[in-house]
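Input: a single structure, listed below in structure tokens.
All chains are identified by letter, namely A, B and C, in their written order; residue positions are counted from 1 within each chain.
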Amino acid sequence: QSSVTLFGIADATVQVGRGSVDNNVGLGSGGLSTSRIGFRGVEDLGGGLKAGFWLEAGYTLNNGNGQNSNALAFTRRSTVSLMGDSWGEIRLGRDFTAPYNNLYDAFGDNGVGAILETQDLLGSTSYGLQTRTSNAVSYFTPKTLGGFFGQVQYYRNGRDASPATNRDQYGNGYGVRVGYENGPVSVGVAYGETDFSATVGALTTKVDTKNLNIGGSYDFGVAKLLVSVGQDKGEALGESAKTRLYTVGTTVPVGAGLIRASWTRASEKDSDARADKFALGYVHNLSKRTALYTTFAYLKNKDGSNLALNGSVTGAGDSSKGLDIGLRHAF
Amino acid sequence: QSSVTLFGIADATVQVGRGSVDNNVGLGSGGLSTSRIGFRGVEDLGGGLKAGFWLEAGYTLNNGNGQNSNALAFTRRSTVSLMGDSWGEIRLGRDFTAPYNNLYDAFGDNGVGAILETQDLLGSTSYGLQTRTSNAVSYFTPKTLGGFFGQVQYYRNGRDASPATNRDQYGNGYGVRVGYENGPVSVGVAYGETDFSATVGALTTKVDTKNLNIGGSYDFGVAKLLVSVGQDKGEALGESAKTRLYTVGTTVPVGAGLIRASWTRASEKDSDARADKFALGYVHNLSKRTALYTTFAYLKNKDGSNLALNGSVTGAGDSSKGLDIGLRHAF
Amino acid sequence: QSSVTLFGIADATVQVGRGSVDNNVGLGSGGLSTSRIGFRGVEDLGGGLKAGFWLEAGYTLNNGNGQNSNALAFTRRSTVSLMGDSWGEIRLGRDFTAPYNNLYDAFGDNGVGAILETQDLLGSTSYGLQTRTSNAVSYFTPKTLGGFFGQVQYYRNGRDASPATNRDQYGNGYGVRVGYENGPVSVGVAYGETDFSATVGALTTKVDTKNLNIGGSYDFGVAKLLVSVGQDKGEALGESAKTRLYTVGTTVPVGAGLIRASWTRASEKDSDARADKFALGYVHNLSKRTALYTTFAYLKNKDGSNLALNGSVTGAGDSSKGLDIGLRHAF
């Protein structure tokens, strides 16, 4: 039907991981871009008004599984929108959070070179950067502000409110992002808060998480520079934890290809736990839609941190290495 | 591919519910039409013969989840058909029941103004109107009977017969519907029976449910009137329960919009438990495919009935109020 | 979008089964071809190079359920490929195993006439012919070898390596197939080995399975003859089991229809347990895409074997009968 665009990505990668405790090798999915399939469309309502929808399901190409009980669901994005050329967009449903929209990184969060996400550090999964939220009402500014842009979102889970142990699906909160994008420059700052119930020890308690993000990129032509600084904070039972995330990266176009490199660090504030990752990769574009790619990453843990790459296992304070070799096809 | 039509609905609604015990507010899905995605097609076999298929999955737009383990499945409809211009249609698979096809209501069963479904009353979920059935062989009369139409369906679960605790998926039974539709008038009567296994107290026992439905609508031009009367009966362990459902509604076109109003009552026969709902709504069509809508409903319980609207909680005999404000986009 | 082909099959069948212990009748799915929906595409990269993807989900038409937690997942096939006219195809992801690709049978593995699969015999599900594997890297020879063809595949589960109780999803192994196909003749031989963890009694242990397959077909014009011999072997805890599979079948085109007949036998090596199935069927093509079909099968067990057809239950050494009457529509 003319009103629907079917789109997606099929991305498979051979993953090699080495750590001080165990190594790993196998086929994985999404080393360059997350494998997905989606349906989207825009209807012109006249007078500068448009309606649109976007339904997107993730899957793992290596085994065909989806994200809910290993089956397909529109948990990457499920939104319906009303858009005005002059006033912007109202978007309802499940989508990225504002802080996640503000990530500036050479590898994004895919593959072995992915930005370090706070929640991995020291096994604390409860307060790191939140990728998505359900039940959101979002407003996006129009593209008519001379390069300035903004987003405000408010999310509130109604019917399934308690128990709400899944921040992503059942949390309540809000997010805001403002930025400027013009020619070679793009900068942004974003902040979000989410309240949800979680099990801390033997208790189910309310957890409050706060994610702050500042980042930007500048395209020098021969290379693009990307820089991000983030802070993630979690509070529960009167205690709190805080982690900082730094990343500096670059992408360098070479003929039909793209060299990518980055350094990313996650460090916990109340301890000396810290992880540094150095990643170097090359994407060879066979066409606009199809690319061969490889990425190598080296990760150095400090103190209690024991992050490991590509399914390997490494001891606290030890290092880990990982390699991706993959094929990404977009449709 | 030319033989497949991809279609669907993305419908999000802000839901507000008020009850004597607890209030609720949040984003929901399907306040005007159930969010869904489907694939269907018809092949002309020549000589007035056609083949067709219809696969339709429901999802909740606010979080992207589907209906089986929160993931997508064709549990709204999954059928393959053989159709003859002169003799009608043989349809195999999962589909609406005949009594459900016979609902006449201004709000259908979507949103806060939805028809009261018997199964909600007094917490008895086992014998109310059955929306769908799997494993059905159905026959539909052709459109050549001068406005008269009929449907017969027989459903029998084979392989997964025991234990068959899910009426919808594993029940055995049949349904029949006859009616007349011509110009402004539409009337119909339907009856269905389903046997299935259910847990009643500590026992897994056979349950027999019977649903009867009479309804009709008349379009006066300035307004359409819709009336339904239904009776639902359940028998298990030598005991039985019976509930009656009444609904009177109207839809009034106003410019690009539609005003909707209805009264609906569910009353249990063997007690004084009863619920009355009054609903008033407005649908503003931005195009044939896209609409903004709002619905307000007031529900009055009597005796043991404690139905509540939009996720609120209300005490037995207390009232509840609910409001939907939403956007529906069809594709 | 022009780059994607949406395809599928909707196949419903009335299934009747008779056995010495219990009979069965009900609506089923896939009596002629497995019900499925898929998305695939090929991109021409120039210079004889192509990229392609194939995502295919199975479902049961009678109830709309999918294969993972009753919901849809691309577990029939999930692959991304790079193809060269002169050198063949590299395919990554989840796909058929090489031995499964080498099946020659009049009924394939669908419906009541399906080839006997070793894993059914004596309840041993662990070592029979493996239909699919995840995490595979496969190489297929090009179509330029004068009718000769070959396939090599290697599969290795990385991230989810332990515990890996599902051979299909988490096994590690390899497969190889070589054959010749030219005009009326097609012959092939295939071999595969898979290691995985399984629960044998109270132990979780490593299981090693080996599947060997030799088969071929010859099209005489008035009829096609198909012959297969297979051997399946399983080893765990120092013990092993072995089963042989034989099948001889024929298909005879008659006007718009096709008569199908086969004999298939599965016999366990270390006992006298054995099953013989005789199947006779007719497919009536209403078009290239749509067919009515019926299949009758008679199964004779010997000794400990108690295989039964179409959901019936039969005693060890007893016989079973089954009938399919169905409609298959491809889109």
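What we mean here is this: a residue touches a chain if its C-beta (ideal position, glycine included) is under 8 Å from a C-beta of that chain, and two chains touch if they have at least 3 such contacts.
Because the structure is a prediction, the values reported are computed rather than measured.
**Q** Draw the chains as points, connect those that touch, then say whether the picture is a line, ring, star, complete or other.
**A** Graph shape, chains as nodes and touching pairs as edges: complete.
**Q** Only C-alpha atoms count here: how many degrees separate subunit B from subunit C in terms of the superposing rotation, rounded to the nearest 5?
**A** Rounded to 5 degrees, the superposing rotation is 120 degrees.
**Q** Since subunit A and subunit C are copies that touch, just let me know if over half of their interface numbering is common to both, same, or not, different.
**A** Mostly different residues.
**Q** Roughly how far is subunit A from subunit C, centre to centre by C-alpha average, rounded to an integer in Å?
**A** Taking the average C-alpha coordinate of subunit A and of subunit C, the gap between them is 39 Å.
**Q** Residue numbers in subunit B touching 2 or more other chains?
**A** Residues 6, 66, 68-73 of subunit B each touch two or more of the other chains.
**Q** Under the touch definition given earlier, write down the residues of subunit B that touch subunit A in their complex.
**A** Subunit B residues touching subunit A: 5-8, 10-12, 14-15, 17, 24-28, 37, 59-66, 68-73, 286-287, 289-290, 292, 310-311, 327-329, 331.
**Q** Along subunit B, where are the residues that touch subunit C in the complex?
**A** Within the complex, subunit B touches subunit C at residues 1, 3-4, 6, 39, 41, 43, 45, 49, 51-53, 55, 57, 66-80, 82, 90, 92-94, 134-137, 155-159, 161, 169.
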